[in-house]
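Every chain is named by a letter (A, B, C and D) in the order it is written, and numbering of its residues begins at 1.
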Amino acid sequence: MTKFLSDNAAPVHPKVWEAMRAADEADNPYDGDTLSSELDARFTDLFGRECAAMWVATGTAANCLALATMCQPHGGVVCHEEAHIEVDEGGAPGFYLHGAKLMLCPGEGAKLTPSGIAELIDPIRDDVHQVQPHAVAITQASEYGLIYSREELDALQHFARSHGLGLHMDGARFANAAASLDGAAAYAAHGADSLAFGFIKNGGMSAEAVVLFDPERAELVKYRRKRAGHLQCKGRYLAAQILAMLEDDLWLANARHANAAAQSIAGGCEERLMHPVEANELFVRLSANERKALRAQGFEFYDWGADAARFVTAWNTRADDAEALGKAIASL
Amino acid sequence: MTKFLSDNAAPVHPKVWEAMRAADEADNPYDGDTLSSELDARFTDLFGRECAAMWVATGTAANCLALATMCQPHGGVVCHEEAHIEVDEGGAPGFYLHGAKLMLCPGEGAKLTPSGIAELIDPIRDDVHQVQPHAVAITQASEYGLIYSREELDALQHFARSHGLGLHMDGARFANAAASLDGAAAYAAHGADSLAFGFIKNGGMSAEAVVLFDPERAELVKYRRKRAGHLQCKGRYLAAQILAMLEDDLWLANARHANAAAQSIAGGCEERLMHPVEANELFVRLSANERKALRAQGFEFYDWGADAARFVTAWNTRADDAEALGKAIASL
Amino acid sequence: MTKFLSDNAAPVHPKVWEAMRAADEADNPYDGDTLSSELDARFTDLFGRECAAMWVATGTAANCLALATMCQPHGGVVCHEEAHIEVDEGGAPGFYLHGAKLMLCPGEGAKLTPSGIAELIDPIRDDVHQVQPHAVAITQASEYGLIYSREELDALQHFARSHGLGLHMDGARFANAAASLDGAAAYAAHGADSLAFGFIKNGGMSAEAVVLFDPERAELVKYRRKRAGHLQCKGRYLAAQILAMLEDDLWLANARHANAAAQSIAGGCEERLMHPVEANELFVRLSANERKALRAQGFEFYDWGADAARFVTAWNTRADDAEALGKAIASL
Amino acid sequence: MTKFLSDNAAPVHPKVWEAMRAADEADNPYDGDTLSSELDARFTDLFGRECAAMWVATGTAANCLALATMCQPHGGVVCHEEAHIEVDEGGAPGFYLHGAKLMLCPGEGAKLTPSGIAELIDPIRDDVHQVQPHAVAITQASEYGLIYSREELDALQHFARSHGLGLHMDGARFANAAASLDGAAAYAAHGADSLAFGFIKNGGMSAEAVVLFDPERAELVKYRRKRAGHLQCKGRYLAAQILAMLEDDLWLANARHANAAAQSIAGGCEERLMHPVEANELFVRLSANERKALRAQGFEFYDWGADAARFVTAWNTRADDAEALGKAIASL
């Protein structure tokens, strides 16, 4: 059985296991340990601008804690109508933001644009009867595996600042986005005030990073993380995962591998693609019979509506398997 | 350096590591994997009554999710004035219970009694101006390492039921309590509607269990767990930890070891003890100079106020070290 | 200056003033007074089914308190995408429901239909990643002044029950709806589990009623009302307003008057109407120049987008003024 | 029957009625009317420092909205253990502050002192496990009718500022406090960042004022007021009440009257007083038999525990009745 279901159940990378084992010796609990203390500096190096970074166990928590630094309970967060925070997080933003509203914006490929956001928020009257936007959340790579370019991010940053809005980036697949942008982390996160930097899909086990490009907001996140039950007492095992992923750019290598596998598949089905393949997800037009045929050959994947399928590659996808899938689709 | 600071930073037990590694092969994400699916049955066996069990990463989350099944946002939870949920969880109950109130009750050794609770809640007028109690939360073993006996639990259960209150048990050190009660899990959790069953302090890495003795409440916990960002996508690694701890009663063996170490220390300082030593914590009257002397011998521990110290043993405390500490105190 | 801006700033009806003055003598505070105690019985009479009724100062509070009886914090409330609770209540449902989600449904004339709701909620997967609907909220009369007929309500009730959803009715202009349905309150509220019965727009000053057709839910509303700071100590003045409105069906007489005035205007602009006029609101296609011309004649009203205007009549709209407005539009 | 139960059910003062009737003519809805627009200036005049003022219907809402400007959801508000916000507001602070914690402080006569607060908050470790205080709330006059002097307020302000805490004043009986301090509003509110200025007990019907001495915080209160369902559409009737009370210092005259009545009663029972009588409340040691005897003479009042009674005077207490009560107690 060859799985292209999702990257979210992939095994843990051997180097991550190693780092976790190496963290076994007792250290201070919570985030008082040596490894956790290194995070700020490591991410500051990576992004080339001062930042604060904290581990949490899920992207949902990472997104919500970051958004809490930007959006008051009576405000709103503009996001794509198919954004993960709207569609797949069980209402977590409503919980963490104490009832703030997600303001849903359409947009090609699950990406937001300044003009799209403007269309949504410009009609909002500046009075207390209407929830005012406080922040914008984008996803890099988007829910359809598309990448925001430096220019697009620049435009969004400019828009957000001129409207007094925070800009958060959901980076569940940030590594795949950065890999797609020549590995430039700073480039891929350009303009964001905060980033939920995902490591779990990319070879980690249980650690994502909340990265704040305004380190003064870290205190709020730290208090809220504890209050949300996300301050693990053996936090060193989470820090170890993240540090292992950053070491020698393992995060990028893994993501490049997954992206390459996606390209390999894409090579076999270009005319069927619903979206360009820019990261590690493919949305492919396939009839029910075609999907059946693929499954009969041992490929696992999710249906995407009635006439398509989603394939996701991961750090551990075998190149052979990807190639085989591409060929299988091409042969349909 | 011999650490008696806390059990919350102890290493992960080798068998837990093994089990995690064995879970590496991809399975369904979240809690749809084989291991997670076994939890209900395993805890039902353990407690001898039907229950639902779900992993979460922290005791704080476990406590709060369980309490959310019992306490409406406009209600209150009676707990000891020194309870962990009141003193050390950063206001998490206020967050998870949407503003419900902790109603603080005194009580010897951080334990609650029916009469103590009655004294607190009987004067509450049955009108909307006053927050009404919806639940009671106790800690087994208590914050001072004391155990609720079967009889005490029986009385609390009777009190809670007759007052229409849910009864939750914070079991961060439930294993130590059960070990102290001859290993009888059912006995140690008698009467509780829910239990936050701690594994992390006792050899786990990042998995506690929310155990609900009314399985119908599980759906609420599952939705709220997701909403709180606590539904990890690689949940099989958490289930693996718990199952490893339950296997061959590793949880009990570890707790017995820690308890024995505590008894060994206690043997050297009985007249100095502030509380009986019933689990793995010791609160010992020691002057500043005496503490200094102990630290000079390499013992690490926390001060407890101005005239005492707290020592905590763990699954990995060496018997020699415990004995040495006992002797060192005796020699002061 | 003849105002057709809104009914929400109309004067208080003389009989309401009288009743308030008559309540001046001290009685028990909060809702322990004689007048407040009469509400349950009065509404039970009116609707012909047992109900509990409580005053609050605004429709926003009434809607939210009622919805809190039906929707858990992790659930959702289906409402029209232009519903007042979504568009004009400053995020109050997010606050009162502790982060629950409004699930927006399109629908002609701001009315919901079972098929429209089904289209929205049927695709929601029955898993914890997606917010599940717990309730449906409709507005009677709708935001465009349209009435749900007995048959439509029947269908909605059937849909709601078969899907396990509560059914709430926002009745800010319930009186106008009932008046339009031959005065039958029971008929206009058919199928609803709760009703926010509006009196303020219709001649009251500061009292709406939360009407619960399942009186067992009253306790929750009472605790939540207090908790929201809506339990006024001199509540008898609010009860007095409501009782005065119910007395001799003043509420219906006032609403009939307003509806008749709306019909009178409608007579002059049928071909310009964006929606049928079924209550006391008119949405009329008028160019900027036409609106200017009307304003030059002393008529006050709100623009409705770029090419239309909204006119609202009230209990105190003078028949002459309505007629004059109808003629003025006809003459454009 | 002569009522000394509470001032919270007293009739509305004739001048307040007049002002409300005079507001009958339609004006802009919500707080866009002429009367509401005057509030900022009127309170600025009264207090001699720039302030923003908004009406709400209850003291509970006023307190909570003001506190929301000072205390984050993860923070705490220090208040007296018998403060109204803790004991009698049905958990409203937990709701409005999204789960923030009330931190209970003892203190003679329900008053707080810097040293009392310090004793409570100094032991709080500056780490995320413990809820940090964000604000202090005091009550002027206190729940036992005691007044904070200028010096005491000065000390509290100094303490609050030096600890980075906001200082809120619950002024349900602020008028009685100011009357007791020679009528100096500025003096009675000295040092506070916000004041819930009560008018209802003192002759109003349904309007209290949130007064913010930092007008920049007004926007937050306005958004939160709407979100809490407290922005009434016919707000001019609330503004009218407040303006009538301020006109010619009616608020002070009423309070002086009530205070004088309290003094008159106090004259008959000085040796029985549990607290000095500084405003309009008396707490009087009276056995069950004595209370029975007084009630037999037609006096109404609340028991205060087993051995005492509470008497409250109001703007409409007749001097004769107060004198009679004083004599009746003296004759026991």
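Note that a residue touches a chain if its C-beta (ideal position, glycine included) is under 8 Å from a C-beta of that chain, and two chains touch if they have at least 3 such contacts.
Chains and their UniProt names: A, B, C, D = Low specificity L-threonine aldolase.
Source: prediction; values computed, not measured.
Contact with chain B and chain D alike is made by A, C. Remark: among chain pairs C-D and B-C, C-D carries the greater number of C-beta contacts. Per-chain Cα centroids separate chain C from chain D by 34 Å.
Between the CA-based centres of chain A and chain C the separation comes to 42 Å, rounded to the whole angstrom.
Computed from the mean C-alpha positions, the centre of chain B lies at a distance of 50 Å from the centre of chain C.
For chain C, residues that reach two or more other chains under the stated contact definition are 73-74, 89-91, 94-95, 98-99, 128-129, 223, 226-227, 231. Within the complex formed with chain A, the residues of chain D that make contact are 72-74, 98-99, 128-129, 132, 220, 222-227, 231.
Contact residues of chain B toward chain D in the complex are 73-74, 76, 87-91, 93-95, 97-101, 128-131. Partner chain B is touched in their complex by these residues of chain A: 3, 6, 8-12, 17, 21, 24-29, 33, 56-62, 64, 89-92, 94-96, 200-201, 205-206, 223, 226-234, 236-238.
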